[in-house]
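Please go over the structures that come below.
Here come two complexes built around subunit A, the first alongside subunit B, the second alongside subunit C.
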Partner chain A sequence: MKLHRRSLLALALATGLTAPSLALAQDDTIKIGLLATFEGPFTVLGEDGERGAMTAVEELGGTAGGKKIEIVKGSSDASPDSAVRAARKLVEQDGVKVLVGPLSGDEGIAVKDYAKTQPGVTFLNGASAAQDTTFRDPAENFFRFGTDGAQWMAGLGTYAFNDKGYKTVAVVAEDYSFPYTQVFGFMAEFCKAGGKVPSKSWVPIGNKDYSSVIAALPDDVDAIYVALGGADAVNFLTQYQQSGGSAPLVGGSITVDQTVLTSQGKTREVLIGTPAAGPTADTNDAPAWLAFTEAYKKQPNAFPSPSLFAHAYYINMKAAILGLNEVNGDVSDGGAKLREALAKLSFDTPTGKVSLDKNRNAIADIYLTEVVEGPDGNLLNKLIKVVPQVNQTLGIEEAEFKALGAVSRDNPSCE
Partner chain B sequence: MSLFEQPRTSVEGGGITRRQAWGFFWLIVAAVVAWMIFAVWPAWLNAVLISKKAFVSAVLNGLTLAGLYFLVASGFTLVFGLMRNVNLAHGSLYLLGAYIGYEVGARTGYWLLGVAAGFLVLAAVGVVMQVLVFRRLEGDDLRQTLVTIGISIVAADLMLAVWGGQTYQLATPAWLDGAVTMPVITAVRSNGASVFLTYPFYRIVVLVAAVVIGVGLWLMLNRTRVGMMIRAGVDDRAMLSASGVNVHAVFAIVFAVGAGLAGFAGVVGGSALSVAPGEDVRYLLASLVVVIVGGMGSITGAAIGALLIGLAEQIGLVYFPTYGVVLTFIIMVVTLAIRPQGIMGKAR
Partner chain C sequence: MTAVVSAPGAPARPTVIDRIGAAHIPLAAVLLLYPAFASDFFLTQIGGYSLIFGMIGLSLMVLAGYGGMVSLAQITVAGIAGYAVAILGLNNSGVHGFGWPWWIVVPFAVLLAATASALIGWIAVRTEGIYTIMITLAIATAAFYFAQQNYTIFNGFPGFNGLRAPEFWGVNWRDPVPFYYLCLGCAALAYAAVLYCSRSTFGLTLQAIRDNPRRMRAIGYHVTAHKVFAWFLAGLIAGLAGVLLIWFNGRVSPGTINVAAAINVLVIAVIGGLKHPVGPFLGAVVVVLMQTFAIDIVGAERFNTLIGLVFLAIVFVSPDGLLGLWSRLKPHLAQQPLRSGP
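Showing the complex of A and B:
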């Protein structure tokens, strides 16, 4: 019995050791890692990211550089350590040479740091949009073909001040790098236009009960800028409505995204008319966007319109495949040729042209939107204006932009 | 909180007994609290505590959250007290109750039916768990605990498969909607008109429900025959069994009540906040902290622990959001350092 058990164990060990090399031996497939939040507060967002990535895979025929694409999924829960754990599993156990992900801001910074320890693997961002994933201390092998959270805000601060007439705005946002970046992008314009932000509430991610936060908001502001995502946004909006909140809202990019607009409950009344900005607009009538929406809707359980997570994963997955096509799927040199091709890659997306800057961060069009009720009763982001080709420094000289300091709870400030 | 402070007046010489000193102390605390809630605040106090509206709302929210925590933790503490079994699947019972309440409420259109279903279905699940799992592993604490962790992981994935990752909001009936004006003046306008505090009616209902259930549990434990058996079981299970009581039936009742309360709290809490995957772990952690602070196996302890944790969470969220989470654990650490058995717990 003892011998039998031991030999079984040896057999199992041997299988475990040879399995990765067996997988590598198959030369006609190429593994691409897909890392997204399939658990935790951003589950819905991660699921839509996957739909976007699969839309790209299917659009390009499921092959990259003549090889069949095999998608290996990794799941995180929006915390940086879970993202690194999932990335390690994909790289070190599954042996992927190209990885698309992660989804959330802090995750992106953590995976970027991990990328530095794996120079032979090429990382493409998912939807994570913190500024410092690419701006300060970037990794040579981390590419972001989607824009960052500050870029997403282009045009919103000016619009809120000039067209909506909001002079003072209170901020409610989650307490991590992505909302810092969003608030930075919004305030950069809003404060420049002459607006004031007297109070900022930073709330822990995954908070459920916002009523105390709502009660502590100042009564004398013209509007409230909300940068919360997923379940957090739904909770805040419902409780804001329940508590009889009357100040109009200004939305962060993921606060008025399809992942929130489609939720069950009483968020409609407070959301209609909310201006926001981001990398997509639901009522965009450009043929490329309409074609993308049609392709996206073939995915299981798709939203009426792709969320910005589907969009970001689509663009980065497409960039990965286009890059692999250019090098004929050859990553045997540790991906050096692939990264060279990616750095030069520029292509037309459903939302206009995308190219990279020297930090491998995207320059792309940004959409100013407002929430309206669609023809069949669902809520949509109506396109107000396109801000063309926004770069990471928001059009400011790089040295001057760097001098503004890293985004944080207190930077910027204009009380 | 002031629970650990010693009264300043000394027993010697003054003619005041220790008991009177404590009474005097609590009277002052009550007076200060009453003044903070009902008086119009001077400007300096508003400056320190943001605004009266923010403070009083945080306290009220802390109380309602404490109500929810109490509902979940009371079942947890009952089961532990009687069976020495740390049921780490208790959070899953909360989440399952919420989903069942949502389904029943959405299909029948009656929210109250959803609440009833949440309680009854989970009570049944509790009995099944007791009969199929815990009875087989009786006396083996470690294995029971490990099995409950396993159940909670499997249950979380099954619920994710059935209900998906999205956030559900349970629709409360119209008569529970809206806000009520509280007899608390938060500010006085320049024209002399008073601004009264408004508070969501539903949350007051949650608080009242928790208090009623708490009193009901206390009465059941202290005034009924079943309660007597449960208390006897907590003290000495073998002796209770030897005196002819069917201990397994008592266990099943306790498990049913505990699981049912978790399910009930799931529906009620899911209507106040929202339901999403991950809630199970959140409420398990909350009830663990509540029970550790309040004392394992004590209903009164669960109430005190829930009050402390609920208030700490909400006040922390308003006044120092970044480090608010730490406050909860500071309370736990201090309790463990000063009174390891918990505030109302008995040293064993």
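Showing the complex of A and C:
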């Protein structure tokens, strides 16, 4: 038992001694926590989020309010539990007063709940895009300068119904809060225009075999709305194509991004002409976007074009630094002044002006796109049109929007 | 922790200190005084969390160390208790939340978990060795996917959030110091119970079954019943830890009971050592410290590699984990004064 006693004593002493010293921050630096998925199925997305955040830090000279920025990273595996644990460590052990993150939908809701117990810390969302992170039961100290998954769908439902002429659409989406929010955003417009959604299939993240899903799809639909990400999208599209499916597709924001478009095989033919919408577009030729792309490409291992995760982390990190600049890096009052500054903050991003509503959720431009074959044979999301300044209630009166109910598997419905 | 052996001809009754084990007293003192010099973070996120995972590891140690049955379903058993508390107690998710008082919910949840554990055991004891591992892994995986896809009972992927530890006797038991003592109390209880049990008739029978089931069966023992009862007891410990775990997280979701978490429990038990009930707690401290601070040492890209390497190093140096390391070092240390004498 001697070792146990001694080692525990040593451990206890070491932890007791090191704990206060670790928590001490120097006066001329300011710590910003960066929480993203550096492990698990969304690692690639989390790493791109980090590139976006670091682009913002470097663009603003690595200082905030005259103090040097020190980034402290926390890692989650896309599960809400791990996100909260990482956030706790950053806040309670490393002593960050400003935290940017997390990345995934349900993580955002969990961190928002945690934010309520830490009123002295200012939280800015990463790329998490569930609606109820800010819309229902929001936290006073949680800000989202990126938009949510329903906002990302702005314009798509109307475009699919009016311009593409799809009257009935079946939905295939992953089974968690972010795709619920995307489907909600799409159906809000599509059903209002007169469209019908006779069937919705919810599949677990990481599903490999879609044969039962494909078999259950109704034959008489005009198109299929697909809100799947990364490998899930590739697996579904390949199997759908192999099983002889030929219905045109409508894409969610992360369904037809570069990770899917660059995959090899016959999915290309299925994908060309697929309309989608999101906070970014590959062929955006606005000078601000091109400048952002150039700055982003200086990051190690960057993609040819920043993903929407890099974009969202960039905007939130930039907002955090701009807010800190306004209060000269002073968060000694528990961040009250910083939060006041953030609530009023409005700035020009690579994708247009962004400002906050009263729930501290962004109002920003959304891009309607369509997959085309580029000049060198690569598939690209061609910009169709910009939907300006979309708010969280999608232009609907707030009371009326709230009456639509919380997003879920069954809501909304228009069979 | 050697058993008390009286010299022949001197049948002295063991004193109270001997019965408790002398080494336990300073250990208890350090653990009791830990809140005096630890920050809140170290108290709950390291201390409380290690004690909770130590308990889940302990439930595995009971099965593997005394019963020779390696189970990967211990986190599932803990999760069953956690989900029971979320469903029958109060939650913020707007699904179920019957609002039963904690003093009904907690015993019910722990008993439910123990019963489920006994059922898992009843299936698993028909197999041996690697097949037990496979069958419990299958159960853990199935439970994870079922919880993730079932919305009527488990609320699917998001699970339940807004779970709060009860407040009674004027204490909010999720505050850092009370929560630490709550975890310490439960862990100490489980630890003492396992120590006691291991020397009881049942414990000795179980160890005999581990060593030679065929002979025990021939003598007339009901091997299956003993094994299943061991699963039940392990389930009590894992269930109690599961209740603490969801109070600690404030939420429960399929991520709490996924395969990575199941493997984590096995790693904790193996790192610590399966020879003595203190092993899983040692393992939990090492694993929790590594998982919390590795990212500060090597950065976000490769910190899981470092964690893996450290675990590999421990198991490579000592197949019996940290406990085995000590039993190897002890003879050398004991001889040290002789060698360095004048």
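Methods note: the second predicted complex is superposed on the first by the 384 of 415 C-alpha atoms of A that agree within 3 Å, B and C clash if a C-alpha of one lies under 4 Å from a C-alpha of the other, contacts with A are read in each partner's own complex, and residues count from 1 in each chain.
Everything that follows uses one rule, which is that contacts are C-beta pairs under 8 Å (C-beta built on N, C-alpha and C of every residue); 3 or more make two chains touch, one makes a residue touch a chain.
As the structure is a prediction and not an experimental result, all values here were calculated from the model.
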Query = Is A:A231 touching the first partner subunit B, the second partner subunit C, both, or neither of them?
reply = first
Key: First (subunit B), second (subunit C), both or neither touched by A:K73   = second
Request  = Applying the touch criterion given at the start, work out whether A:V44 contacts subunit B, subunit C, both or neither, answering first, second, both or neither.
outcome  = first
Request  = Please work out whether A:R85 is in contact with subunit B alone, subunit C alone, both, or neither, and reply first, second, both or neither.
outcome  = second
Task = Check whether A:P287 is in contact with subunit B, with subunit C, with both or with neither, and answer first, second, both or neither.
result = neither
Task = Scan A:P204 for contacts with subunit B and subunit C and give back first, second, both or neither.
result = both
Query = Who does A:S177 touch here: subunit B (first), subunit C (second), both, or neither?
reply = second
Task = State whether A:Q242 touches subunit B only (first), subunit C only (second), both chains, or neither.
result = first
Query = For subunit A, which residues belong to both interfaces, subunit B and subunit C?
reply = 38-39, 47, 77, 175, 204, 409
Remark   = subunit A residues touching subunit C in their complex are 1-5, 7-9, 11-13, 15-16, 19-20, 23, 36, 38-39, 47, 50, 73-75, 77, 79-82, 84-85, 88-89, 92-93, 106, 109-110, 113-114, 175-177, 204-205, 409
Ask   = Can you name the residues of subunit A that touch subunit B in the complex?
value = 38-41, 43-44, 46-47, 77, 175, 201-204, 206-209, 211-216, 230-231, 234-235, 238, 242-244, 263-266, 301, 409
Touching residues on subunit B, where the partner in the complex is subunit A = 50-51, 53-54, 57-58, 61-62, 65, 160, 164-169, 171, 177, 179, 198, 200, 202-203, 272-274, 276-278, 282, 313-315, 317-318, 321-322, 324-325
Request  = Going by the contact rule at the top, pick out the subunit C residues touching subunit A in the complex.
outcome  = 1, 21-24, 26-27, 30-31, 34, 37-42, 45-46, 92, 145, 148-149, 151, 156-159, 161-162, 249-251, 253-256, 258, 260, 278, 282, 285, 292, 295, 299-301, 303-304, 325-326, 329-330
